[in-house]
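Think of it as A, B, C, D and E in the order they're written, each chain with its own count starting at 1.
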């Protein structure tokens, strides 16, 4: 269970990232966060595993406050939270496999991992994770020789290999083709269902959100402006999130008149 | 007009990026390139303005071979080709405005730009471009303090400010919310129509492709496997591109039964 | 209009920033002129022509006989010794400076004071004159190459660790975040996210330091710590330009060869 | 006040007079017995040719003493004194001032032998074939200079060597002071490193006089052959003792004798003599007498470098 | 695991059975690994051979350590009465270092740009410049000093020249190496807008390389402050001469004073430069 109580975050340059957020996310939920670019979606995810410190408020993971944890306790909380980054955050100069294996360091003593040796089982877990995102054949290639989508998939594989109980995914499919997008989202959904893993995903496409989420949270300028089930997320509600009516053509429907497009 | 004749590209590590591509793109076309992640979409775009050299074949821009051009000739060809990068390629350590202004250097003498002074008109063009992508208020912020989508928009603004006759866009909307996505695509479409600017866009979403393109090109493992109008891009054709039937749910329709989704 | 307002206020900040830039430039210029005025330029000297000619003549006719002498202590063997001292000295400092580098890197610690202390320590090590470091080690292990190795090794910690720590400060924080998010310990984060990013630069700086160390042989020669330095100083003191010429040639060749090899290495690593 | 012990190789140290230093209180039989010998050579400043060579001497000494010998060279005497005091070096070829510092300040070394070089002809500046154990310092001016006496130097620009240099500062400065010219206030001192550079500065007119060893002009003559015609010696100082061969202060007496004998034997053998001459420009060794170094102490004190 | 097979079917990649795939890729990993081990072994052998060659004696170092303490103890307390004597030479040293560093840094900029492979791909231009840089860096400062004294006579000017060449060599080399390591993305973007080489440099390279350049400049400046030994050789006075004199007279307490003053100067310069840098960038 993830609980956020009155969480606010202001960046050093004065930008408000989050404003007084209160949320309760139950174990096993599949939450999709939507909102405009710059609404604070990434900031929210990064606060949950405390990659960025919040300015005020408290965040509890399974009853333990991550905002006040430190040392090995903080590490063990984090080990149970897998994260997929918007900008991939791969270690460019090493192989894909090493990148994925690095997701498993939390399970081993520092000494053992210092020499970069992982048990055979870990290597298998890593290769399986790569297989899930369809790039096992790139396992021994350096990460900087991959295409954008391939890099994103490596970052997903790393989070999968971590075998966490919570997964935070920051636009995990932004650079993926529709096929891989579906595969990845299906995979997230499958582990969410089968293993009851709490999943929080930032997504840009409302349709995709409606397909997969059990709950949708809408952010706008750092504030929660919508929080409800998929069925509650009507077009009117979405209009609030995006600050104006979402037109039919913004739902990425395939049948539409091109001349009717708005914003020009 | 852009002409590709028997263009092939093999990377030093042996990966085949492009294989014997023949294309003729007329002035004013709006071409969308689709294909799986790793199909060679980025490689194709980067070959057109010769950011990466092809291994064999010839590419002609308005009758001039860019593959054999060099020096100021190559530069003047490139000045007329705006490019939006998949990985943004912003100069992180300077302001957003400077990033956009840098798109205009092709118009000025070296001496003038040496001291970073641009005519007032250029600054206006740059600010207008930022306004088009909705981040004019970030003009004086350093580029590394922006969210992912904001960075992508800066990179789009830079290409718009360049006032080129050809625009190459490598997944220009990957990190954008649906609203901004529409705005950006509409903007690309508008300048394509009003100014008759040839536009080539890599996209992952077939629906978006169908909405905007006048022509769709499908890539698979470096080869052109489809080339035709939007109407010709039937589901069967797309199946070829993606190597298997594209299911209804991969078209990102909004009305669907979640249980019916394939892969689980 | 709101927009106009915004524009004018930001152009004001730009103007302010430009003003500040000019002020700083002016400040640097003033300091530069002040120091140039203290230089007391006296022009060419009356003897400069004869002397330069005789130096040039010496360089044109290097003392080839010195290159190889059957009984030893010739150019080749002194260069070899210099090379060996440099290799070991670089090795010592490259190893020793790693903990210092992490200590001094600002992004390796949440506190401000801790890296500050590291930076201060490095400054202290750096201002400690090479001469004194050499004397210290000569007192410990006696004069000779080993003292030279230790002096080079310890003296260069200050610089190498400074460069290293700046490299660490310049890395992409993304991968580190990824590791932290996996629940990695600090050491694990360093091992998997920092080291791969900094290794090329580390090696590059170590190789660069290696080159400087070869050059430092002259300084070590001052304290009799072995290598080509002592013969060079002796030759300089008695104005034996032919000997100086051949020694210089030897050093240049040595550095060019090591530079060639090291740039090869660098290219393979990056 | 330092009436240090006189160590004389030829007739072992029974003749020591007032023994004030701690180290010399030791009975002759005890003390350090070397199993191998660490020798370091620091050239004194009156050498016109130098070789940074060690192997030949290692061999010569090793043959004489039957223990391994290791020789090193250093252009700087600080390190050798420190190494002697921390017992890292057993024998040092020390310049006079370094010997005095090592002996008086650090109790690190005792005098064993003094080196002999060929004397220098005051008129021509060329070497004579008389073996002497001292050299002189001189103050040089340009031939056409109007400086005729030491007192004329008042207000002039003088090029000194380091303040620790016997020939380049201590001796000439002390004699200047005796002549009534304060070397610190009455003249404009410039420190120049290297006797050759100093003479060049004189030739270029950057300074009016320079202090050198006799006769440093031979070094410059390689580049400026007419240096002797262009310059004039204004003043010769009192003799400065030549380089010493000193041993660490805890050295066993028997070994002191042995080592002294060995050095003398080397110079008596023609081949050995040639080697020592080529490398160190030494032409012989005589028993050292600490009393010879009284002027060094006195002059140092005169210029404010009192050794405690 | 129905879903897994489903996934595998859907991949466009020819289906190799998982086990054989594993073997192949693992084999690839092994050759890399053995190569790495071989490199390490070679490295260790070199270090060991070198250590034997020059007779490294760690034991001697261990027993000799207390001797170092003796000397360090002599540095305290520092001789503060020496401070007034060293002010002027310190100032002189700073002047020489400022002039030498700045005059060396200016030509270092084009030299670095012409040597960097990713900015000047033309080998015929970069190779001669790199060779020149090598030469300049190789010549020991002592020799530079000797030559410049011969030509310009003793004095600070010759000292400044010696520092100038050294600074030029160091700054140019370090800068071109960091130029070669910059992110190529922005360069690509500039290439794509049709910028010429100088414009690419101004917009794509300089913003990225400026922090490193300034850092190398300061680093060199600091070296130059301490390279005063050379200045001593050219009669430029400076703090190095006094240091040598203090050591010659075994006045380690004075040496300590000099070290502390140098430290203070270096720290002040460090502090002001970082605050200037923060304002500039």
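Simple rule for what comes next: a contact is a pair of C-beta atoms (placed from the backbone, for glycine too) under 8 Å apart; a residue touches a chain by one contact, two chains touch by 3 or more.
Keep in mind that this is a model prediction, so the values were computed, not measured.
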item: Smallest count of steps, each to a touching chain, taking chain C to chain E; value: 1
item: Distance-to-centre winner among chains (Cα means, whole assembly as reference); value: E
item: Pair with more cross-chain C-beta pairs in contact, given D-E and A-C; value: A-C
item: Inter-centroid spacing, chain C versus chain A (mean Cα positions, whole Å); value: 45
item: Separation of mean Cα positions, chain E and chain B [Å, integer]; value: 41
item: CA centroid of chain A to CA centroid of chain D, Å; value: 79
item: Chain C residues counted as touching two or more neighbouring chains; value: 42, 45, 47, 51, 55, 131, 135, 139-142, 144, 200, 222, 226, 233
item: Contacts with two or more other chains, residues of chain A listed in rising order; value: 87, 179, 183, 186-187, 190
item: Residue numbers of chain D (touch at least two other chains); value: 78, 82, 86, 88, 194, 200, 204, 206
item: Chain A contact footprint on chain B (complex, rising order); value: 11, 13, 15, 34-39, 42, 86-87, 135, 141, 145-150, 152-153, 171, 174-183, 186-187, 189-190, 204-208, 210-212, 242, 244, 246-247, 249-254, 256, 258, 261-264
item: For the chain A and chain C complex, residues of the former touching the latter; value: 49, 51, 72, 75-83, 85, 87-94, 98, 102-106, 110, 113-114, 116, 155, 158, 162
item: In the complex, chain D residues that touch chain C; value: 38, 40, 42-43, 47-56, 70, 72-76, 78-80, 82-83, 85-86, 88-89, 194, 196, 200, 203-206, 219-220, 222-224
item: Chain C - residues contacting chain A, complex; value: 174-175, 177-185, 187-188, 191-193, 196-197, 199-200
item: Complex contacts: residues of chain D adjacent to chain E; value: 77-78, 81-82, 86, 88, 101, 105-106, 159, 162-164, 190-194, 197, 200-201, 204, 206, 305
